[in-house]
Amino acid sequence: MGKTIILRIQSADKKGLVASVTGFIFKHKGNIIRLDQYTNSVDNKFFMRVEWEAKGFALSKDQLQKELPKLARTLGISVQVFYSDELPQVALFVSKYDHCLFDLLLRVRSGELAMEIPLIISNHPDLEDVANMFSIPFYYFPSGKHNATQEKNILKELRSANVDLVVLARYMQVLSKGFVEQYPWKVINVHHSFLPAFSGAKPYHQAYARGVKVIGATSHFVTEKLDAGPIIEQETIKISHEDSVEDLVMKGRDLERKVLAQAVQLFIQHRLFVDGQRTIIL
Amino acid sequence: MGKTIILRIQSADKKGLVASVTGFIFKHKGNIIRLDQYTNSVDNKFFMRVEWEAKGFALSKDQLQKELPKLARTLGISVQVFYSDELPQVALFVSKYDHCLFDLLLRVRSGELAMEIPLIISNHPDLEDVANMFSIPFYYFPSGKHNATQEKNILKELRSANVDLVVLARYMQVLSKGFVEQYPWKVINVHHSFLPAFSGAKPYHQAYARGVKVIGATSHFVTEKLDAGPIIEQETIKISHEDSVEDLVMKGRDLERKVLAQAVQLFIQHRLFVDGQRTIIL
Amino acid sequence: MGKTIILRIQSADKKGLVASVTGFIFKHKGNIIRLDQYTNSVDNKFFMRVEWEAKGFALSKDQLQKELPKLARTLGISVQVFYSDELPQVALFVSKYDHCLFDLLLRVRSGELAMEIPLIISNHPDLEDVANMFSIPFYYFPSGKHNATQEKNILKELRSANVDLVVLARYMQVLSKGFVEQYPWKVINVHHSFLPAFSGAKPYHQAYARGVKVIGATSHFVTEKLDAGPIIEQETIKISHEDSVEDLVMKGRDLERKVLAQAVQLFIQHRLFVDGQRTIIL
Amino acid sequence: MGKTIILRIQSADKKGLVASVTGFIFKHKGNIIRLDQYTNSVDNKFFMRVEWEAKGFALSKDQLQKELPKLARTLGISVQVFYSDELPQVALFVSKYDHCLFDLLLRVRSGELAMEIPLIISNHPDLEDVANMFSIPFYYFPSGKHNATQEKNILKELRSANVDLVVLARYMQVLSKGFVEQYPWKVINVHHSFLPAFSGAKPYHQAYARGVKVIGATSHFVTEKLDAGPIIEQETIKISHEDSVEDLVMKGRDLERKVLAQAVQLFIQHRLFVDGQRTIIL
């Protein structure tokens, strides 16, 4: 697939939005290859993602930057635009578990995830060897009494790497409200249960104790409230009485990998919107 | 949800189709609540389904009937239009197995499937009691040497009931090419395997003999070639060495019910398009 | 498959249990066709279900009734024995929703569930027509201020029908502790969420509000604590932001049917054991 | 879990096998922690796997080696015995795709697969860097006109590494009948379709062309007939008309990894039996 341009709109619903935006693209000779929209009729909110071929489109990047605000002003909406060939910069935060880290690194290696990983950040030194395997800078910021300072240091690194997305790939440390606010709807976590069940610590132990017959994993946006942000993706798998807590941990790893990779994929394809407590995936 | 109007387009791809059609709807004060389109960029084909609220739309049914052809002519496409409050008439064909029949009848009863069943046709008398339970006319056309005559009689009944869709709910009789051509892309069958594996007779026996670890069911459009029409929906379930052929038959029933009901739902919501050997679901 | 005899053991673990029991069956010329056992090594508990052909077994029913207690005494365990041709008597409790009721009735009709339904009990008159369709006695006990009296009346009916299992097929009324104690581990309920998430009222509304990406259903043993008994079976299905609460209700019905039917199947095949908060399925 | 001993039996069915074998274990003070058996009543075949704690068992490895043949002779069966602490030696065969290779290496690294990988064999040089990452000897045997010679060289390496299992982790080269016979039921392959559909070359292209709505992957024992050996594990995933062949390839990778890892896990836990065209998993 050739280079494409992606436009995102999130606004109050009003008649004619689709017609106006597609009319604008058509006027400038853009060939739409994908258009998705969703109207939340309860709250009267409108979400739209439209993607068209860069080839043949009459406006240069600079021209589009000038014309779009005019269109937006006319329609009373705000818009975001992305070019498919500008790879998102994604920071990975890890602790000791390596399965989500390996999974994301390998999906980038295979070309499945079109993004770059400029750095890996950890509160433990354990996974530096994995970072080295893939020649990615590894920053070790031990957690402890100076967490506020550590977060400042981390933010400095993220900024100098122009990070677009922070992915907590089994990062075992709660980020402060102040930190999260620096990356609004740009921090994604994986929790090893089907939320809202078994939030907090040791979800597989909780699941075992309750005697459930399915376990799950959840990827979600991080907010200041633990494990309570908008959910992006969830997967479950059947288990039986024969599975020990260790078996659940093992089986869950496959789910964690999958829901986190899928959340990252949706984000970097600009397909994720937040609507209150819910995510819209276009 | 209130009454809606649904427009379907299937044509060669050309720039501006979305803009023109949504512009038309907007001009006549229609509020779009759902728009889906798909472009097959290999074959350059365009598919679109757009649904808007009848309330507030400026054109009456008669007016729309007049205006649409003009729009279509201008764009060089053909269009179809449906009103959500005009319930499709669906004929059910059955033989001896009752699970798909019951399932469809109950989904209509519960309001899940917005359609009417004017008649049930069978080549066996066994399920007349089920038809009676739901007060639906039951026509028994035994199969045998006079199949051509029987098909004529069946077609007569279908026409007098203004049938929009024929559903083969485990109907164990091959329909002739001539019959199928009377209802192009309007005859849906369920086959009890994940096609293309195990087409033809006794798929569960075939599956058992091959030793597969999943079984499946497939709903598909009927064409003159047995079990080879475009696939609409498929479901699979894991099985084990402990499952006998009888167990497969039993477990498969749940899959058959589900894929057939889903295919019918997609059809009556006007979401199904045929693109060569593939179905597009918008 | 011919007639079989099923022996169940639940006891403290001790060496030689399998050898002793299978030795006993072998001594009396029984041909084992299925043996499953599970040892909870955390709590040192042993569970076993063994099934052998009645044909060729040297002990009559009366003789087995005499010999088994001796064996049990020697081993210091208690045992239960069942004959596959003695059909369990299962009472269905319903309110207004008919999907689980129809599902169980149809699975009995098709021979999938080898049991008899001597009566249907309801706190609403709505589903009497369904009971009539299948010629099953329907008892209407309206709920209200005299619930204690109603439960007494219900118990009387259950006893006179020699009920082995009570199935709450979307019965919207909490049973008293006293009632449940009359049928220990013999009352099964279906809850329309993946427990422990969304227990209590309106789980689909709760799920919608939380913005989950999967919904589920759970069948479980009823205890005095609402929705907190040992879980038997759980199923989940993926949903999207496009699904309204009504869509969740509709999609959930398929899950509810499936987990309840599966729980009933396991119970009547004598495959369910309770181990604290967990079920063991052999 | 401590060290265990595993006994496997595959024989004609006869009464008393379970009793005799468990009696033997009990006599020598073994504590059974898992017993599974299956009787194929169509062909009158018996399969059993029993696992007991090495701790407390009265017979040393040497003694068991002497006593077991006596038991087997008495019962007219043959038996296999394994000790859980003797790690199987598994050779991985690869070509250019790295996802199954990485997956197996990482599952060994995490302790999920209790086995050793003494060597990686390939007909392409591409994946040597992966072998190096994990410090595993890599042998490059290019395919071409001297395949018979190459197979001899490969067999030499396998023998000197005392290989118990050969895993074709997307190895794109057909092995000769002579080669496979050297490792009867000890060569496992992954095929990227739900067999028997789409055997042979380019199954994702075949799947796309047929327009299926699910794709799958299959792990199976290799026999002289291509993609036709007994199936071990199958997984499927839903796809839509929006998925290109490249999307199928990408989505399929997750399935291939999973079914291959699961097949390897079952093999090294000594849980796999072959019964004609079917596998029995105990």
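Note that the chains take the letters A, B, C and D in the order they are written out, and that residue 1 is the start of every chain.
Rule of thumb we're sticking to: contacts are C-beta pairs under 8 Å (C-beta built on N, C-alpha and C of every residue); 3 or more make two chains touch, one makes a residue touch a chain.
No experiment lies behind these values; they were computed from the predicted model shown.
The chains in contact with chain A as well as with chain B are C, D.
A comparison of the B-D and B-C interfaces places the larger number of contacting C-beta pairs at B-D. Residues touching across the chain C-chain D interface largely coincide between the two copies, over half of the numbers being common to both. Chain centres were defined as the mean of their Cα atoms; on that basis the chain farthest from chain B turns out to be D.
A separation of 37 Å divides the Cα centre of chain B from that of chain C.
Measuring from the averaged C-alpha position of chain B to that of chain D gives a distance of 42 Å. Among all residues of chain C, none touch two or more other chains. Those residues of chain D lying in contact with chain C across their complex are 15-16, 18-20, 22-23, 25-26, 29-37, 39, 41.
Only residues 38, 194-198, 209-214, 216, 218, 230-236, 238, 240-242, 275-281 of chain B touch chain D when the two sit together in their complex. In the complex of the two chains, the chain B residues touching chain C come out as 98-99, 102, 106, 109-110, 112, 133, 250, 253-254, 258.
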